[in-house]
Amino acid sequence: MIILAFDALDLHQVQKFNCKNLMQKEHGQTDLSDFNQARTVVLWASFLTGKNMEAKIPIKTQWTFQLSPEQTFLKSFKTYKTIDVPAFSYKQKNHEEERKLLKAYFEEKATIEECDAAVWRNHEENKKEFFSHLGKSDLIMGYFDLADFIGHLSFGITEKMAKVYHELDKIAEQVKNTGDFVLIISDHGMKALGRFGDHSKNGFYSSNHKLGLNLPKITGFYDLVRRIAENEHATN
Amino acid sequence: MSMPRINLVVVGHKDHGKSTLIGRLLYDSKAILEQKLDEIKAELKETGKKFEFAFLLDSLEEERKGGLTIDIMHTPFKSKKYLYTIIDCPGHKEFIKKMLTGASQADAAVLVVSAKEGIEDQTRQHAFLIKTLGIKQLVVAINKMDAVAYEESQYQKTCNELRQILQSLGYENVPMIPVSAIKGDNVYRKSEETKWYKDSTLIGTLDENMVPHTSQSNKPLRAVVQDIYLQEDNVKTIACKIETGTLLPGKNVVFNPSGKKGLVKKILIFNSIAEKAKPGDSVDLIINGIDTVERGEVLSYPENQPQNIRKFTAEIILFSDTQIKNGDEITIRYGTAEKKCKVHRILSEIDSVNLTISAKLPKALENNSVGEVELLALEPLCIERHADFPELGRFIIEGKKGAVAAGIVLATSE
Amino acid sequence: MNKPLEELEKKSIAIIREAKAQFKNPAVMWSTGKDSTAAVWLCKKAFLGKVPFPVIHIDTSYKFPEIYEFRDKIAEEWNLNLIVTKNENALKKGMSPKKGRLNCCTKLKTEALKNLIEERKFDALILAIRRDEHGIRAKERFYSPRDEDFHWNYADQPAELWDLYVRPSEDFSHMRVHPILHWTEFEVWQYMKQEKLPVNPLYFAKDNKRYRSLGCMPCTVPIPSNAATIDEIVEEIRTSKTPERAGRAQDKEKAYMMQKLRALGYM
C-alpha cells in the first residue's frame, strides 16, 4: 500500500489546477468538524491512530509529539517505511528550520525566497527517499509539506501554487501504475487570508479504488487501512 | 483639543503585576481599539475560550514574546484630564538600560508593589533609580489586594515598610492606592471590597497629583549652542536651544566656557523676529560682538553664569558591558557639549538593591552598578549641579555604540 | 498655539537640529503622506523656512497619481531639494505586488533606498514614524542606528537618556532619526490643521471613501468615511475604533496571519 500524505492539500486547488493524478478514481473532502483547531500534528496523529488526539497533544510540545507503532495502523503491516511522518518519524531538524524561517519572514529578517528555497530543498530530500524505498515494503507512507508551507506565505500567488500542485500531481502520477492501493490524504485544507493561506477544516482524500465515501472523518481511515493490510497478508 | 500629556513609566519587582496593571489601565480607559479586541475575541472563540480580562493579557503577552506586531502596551490612554503615554515597559533582558531610557523621558512614575509578596529587591532598586534620574512625581499601586482578601492590615503593612524606603530616598507623602489590577479594583473603578480606603482610585490619584512638564521660564537663563548656520544672505546665526529662563533681545549675554560676550541683536524664528525665547525653543541668534562660537557652549546672562568646572562629583549608573576604572579617560556629554574627563577617584559603589554602600573607594565599577565618582575636567567645561539646573546637571558617558552610563552631578568645584 | 502641540513641535525641531549638527549628510524622507509632510514642514521651521538638506521621495511607480501631483506642487512651493529615486532595475525585471507584497516592498522601497544611500553617502535619514502607529515601533528610539543591511537590532539598542541624542562613533551605517516619534495620529492631524499644511487629496472622502494612510495603489485600500475636510478628519480620528493602518492590506493581513500561525503553534 502507498499513502501519500500531503499537508494542506485542498480540494478546490486540486480542481483549480486540474490535477488528475491527485484526484484518482475517487476523491473528496474530509470532515474535521470534531476538531477545535486544524493542527497538523494532531490531525496526522488522529489519522494514524483512528482516535481524536487533540486533547492529548498540547500545543507547546506538539512538534515533538511521538506515537509508538503499536498505537497506529502501522502495526498491522509486516514491513513498512515512513518518511517524515508527523507524530511518528517527523524530521525535526528540517521542520524546525522551516518554522524558524517562517518566523523570520514575519519579523522581516528573511525573504520569501529564502523560505521557499528551504522548503523545496526539504521536499526534494523526501521525494528522493520516497522513490528509493518505493516497492520495498508492504506500506510506504511519504509526507510532503510543500502545499502547506508555500501556501501559508503565498496562497494568493497563483503561479506559485500552480507549481506546487503540479509537483504533487507528478508524484501521484509516478505511483499510479505500481499496482498498489494508493491513498492520498491531507490533514486539512487551506483557505485564503489575503495573500496568505490559513488552515481550513476540510481536508482532501483520494483513492485508486472506489470507496464510496461521503465526507469521511480523518479518524475513519484507520479501519480502512487495517483492512487493506489484512488483505495484503491474505494475498501474500 | 489636544490634551496635556503625562509620560508615565511603570516600574516594580518582576511579577508584581506591571503588565497586568498597564493592561487594566488600557482596557478600562477603552484605549484598546475595538478591532483589536474583536481579533482577540475571535481568536479565543476559535480555541473555545470565553473572553475575560486575563485572556486579553495572555494575548498581549503572547505578542510581546513574539517581539513584534501590535505592541499595544504602549498605547496612549486618556483620563478626564490627561493623555497618558507609557514610555517603555521593558522585558527582562537588559532591563536597567531600557528602564532608564524610558524613565529619563518620564514626567512621573508608578511603582507597583504586590501586597502579597511585599517589598522585594527590584522594588527598592527601581525606586532608587527613579530617584537618581530625578523623577519627582511618584505614585504607588499596592497590587494584588484580591490575593490578600482586601485586608486593610496587609495594605498598611506594605505601605509602612515602603514609606520608610521612599523617605530615605527623599520622597514624602507618596500616594499609595490599594488595587487589584486583575480584578480592576481601584484602578478606574472604586472598589466595593476596600471600604476602609477613602481616597481616590489610581487614575483619580494620577489626575489629581500629576502635573505635566512645566517650562522653567522664571529660572536664570541657560541655553545650549547646537550649531552655527550660514544664512542665505551670508549672515552667520548661532543656533541655540533654550533650557531654562527667558532670552530677550537687547540684553548682554555670555557664552561659557569660552567666556565670549556680546549683545543679542535679533532672535530669529521661522517667519519672524521673536520678542523673547522660552525653554524648549530652538532659535537662531544674531549677536553683536560675536561672530562664531563652538557647539556645546552654554549661553547665559552675565549676572548668573555657569562656572568653569575643574572637578565634579557625580552619581553614575553603568549599563551593561561597561567598566570604569580610576584613571580612565572618558568622554561625557551634557547639553550639546562633548568633553574629555578623567576618572579621578571612584568614591563608592552603591548597592542599589539594598540601598547601602557596598564598597568604599573601589578601583572599578562594573556593568549595571551604581556609584559615586569624582571626575576631573581635561578641557574647559561648565556642567552644573543637578539640584540647580537638572537640564545641565545630567550627562551620559559615551561609548563607541552610544551611551554606556548615565550621571547626575552632585557637587562641583572650580 | 495649542500648548501640547507647541511642546511636541519644540521637541521635534530640537531633534531635527541635533541631527543636522551631528551628521555630515542628512536627508529627510517624504512620502507625501500627512506624517512625512508634517516632518518636512518641521524641517522647514527648524531652519528659518529653508530645508537645508535633500528631501527623498521613493517612487515605486505604483503610487497614486495624486501623490506625484502633490509632491511636485509642494516641492516647488516649499523650495525643496527633492530627490526622486526608483529601483529601475527591479522594475525592468517586472517587479510588482503580484510577485509577493513583501518581495515588492523590499525591491522597490528598501533596495531603492539602499542604492540611493550608497550613491549619495547619506549618514542620517529623518523619518516620520510614530510610536502609536503600530507594533514594534513602540520600541523605536529617536536616534536609531541601522547597519548596511538596514538591520535594526531592537533588542540591543543603545540607551537614550533625556534629550542627549548621541551619534555613536562606530557600529552603524546610517542613523534613522525620528523627530515625530512621540506624536499620535490625532495630534498630527491637529497640527496639520493648526499650521494650515497642504493635505494630499487622497485623505479626503470621495464617494464615501477616503485613505487613512498612503501606500502604493495595489496595496492600500480606502476606509469608509465621509470626512471631506481636516476638521471632519480630526473628528473622525477622535472617535475612531480602528487602528490607523487598517487600510494597509499588507500590515493587517500579516498581523492576522501571524496570529493564526501562532495559534496553530508554528511560531
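Order of writing sets the labels: A, B and C. Residues in every chain begin at 1.
Here is the rule we use: contacts are C-beta pairs under 8 Å (C-beta built on N, C-alpha and C of every residue); 3 or more make two chains touch, one makes a residue touch a chain.
Computed from a predicted model, the values in this text were never measured in an experiment.
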Comparing each chain's Cα average against the average over all protein Cα atoms, the nearest is chain C
Taking each chain's centre as the mean of its CA atoms, the one lying farthest from the centre of chain C is chain A
Distance between the CA centroids of chain A and chain C (whole Å) is 44
CA centroids of chain B and chain C: separation to the nearest Å works out as 27
Cα centroid separation, chain A vs chain B, in Å, comes to 55
Residue ranges of chain C touching at least 2 other chains are 256, 258, 263, 267
Going by residue number, chain B touches two or more other chains at 46-47, 67-68
Expected list for chain A, residues touching two or more other chains, is 37, 106
The answer for chain C against chain A in the complex is residues 98-103, 106, 151, 249, 252-254, 256-258, 260-261, 263-267
Touching chain C in the complex, chain B uses residues 1-5, 33-36, 39, 43, 46-47, 62, 66-71, 73-76, 83, 85, 88, 93-94, 97-98, 100-101, 104-105, 213, 226-227, 229, 231-232, 237, 239, 241, 268-271, 280-282, 284, 295, 319, 333-334, 336, 394-396, 398-403, 406
Per the touch rule above, chain C residues touching chain B in the complex are 2-5, 7, 10-11, 13-14, 17-18, 20-21, 44-50, 52, 131-132, 134-139, 141, 143, 145, 154-156, 158-162, 164, 166, 168-171, 182, 184, 186-187, 190, 240-243, 246, 255-256, 258-259, 262-263, 267
Per the touch rule, the chain A residues reaching chain C in their complex are 37-40, 59-60, 62-63, 99, 102-103, 105-106, 108-109, 111-113, 152-154, 157, 193-196, 198-199
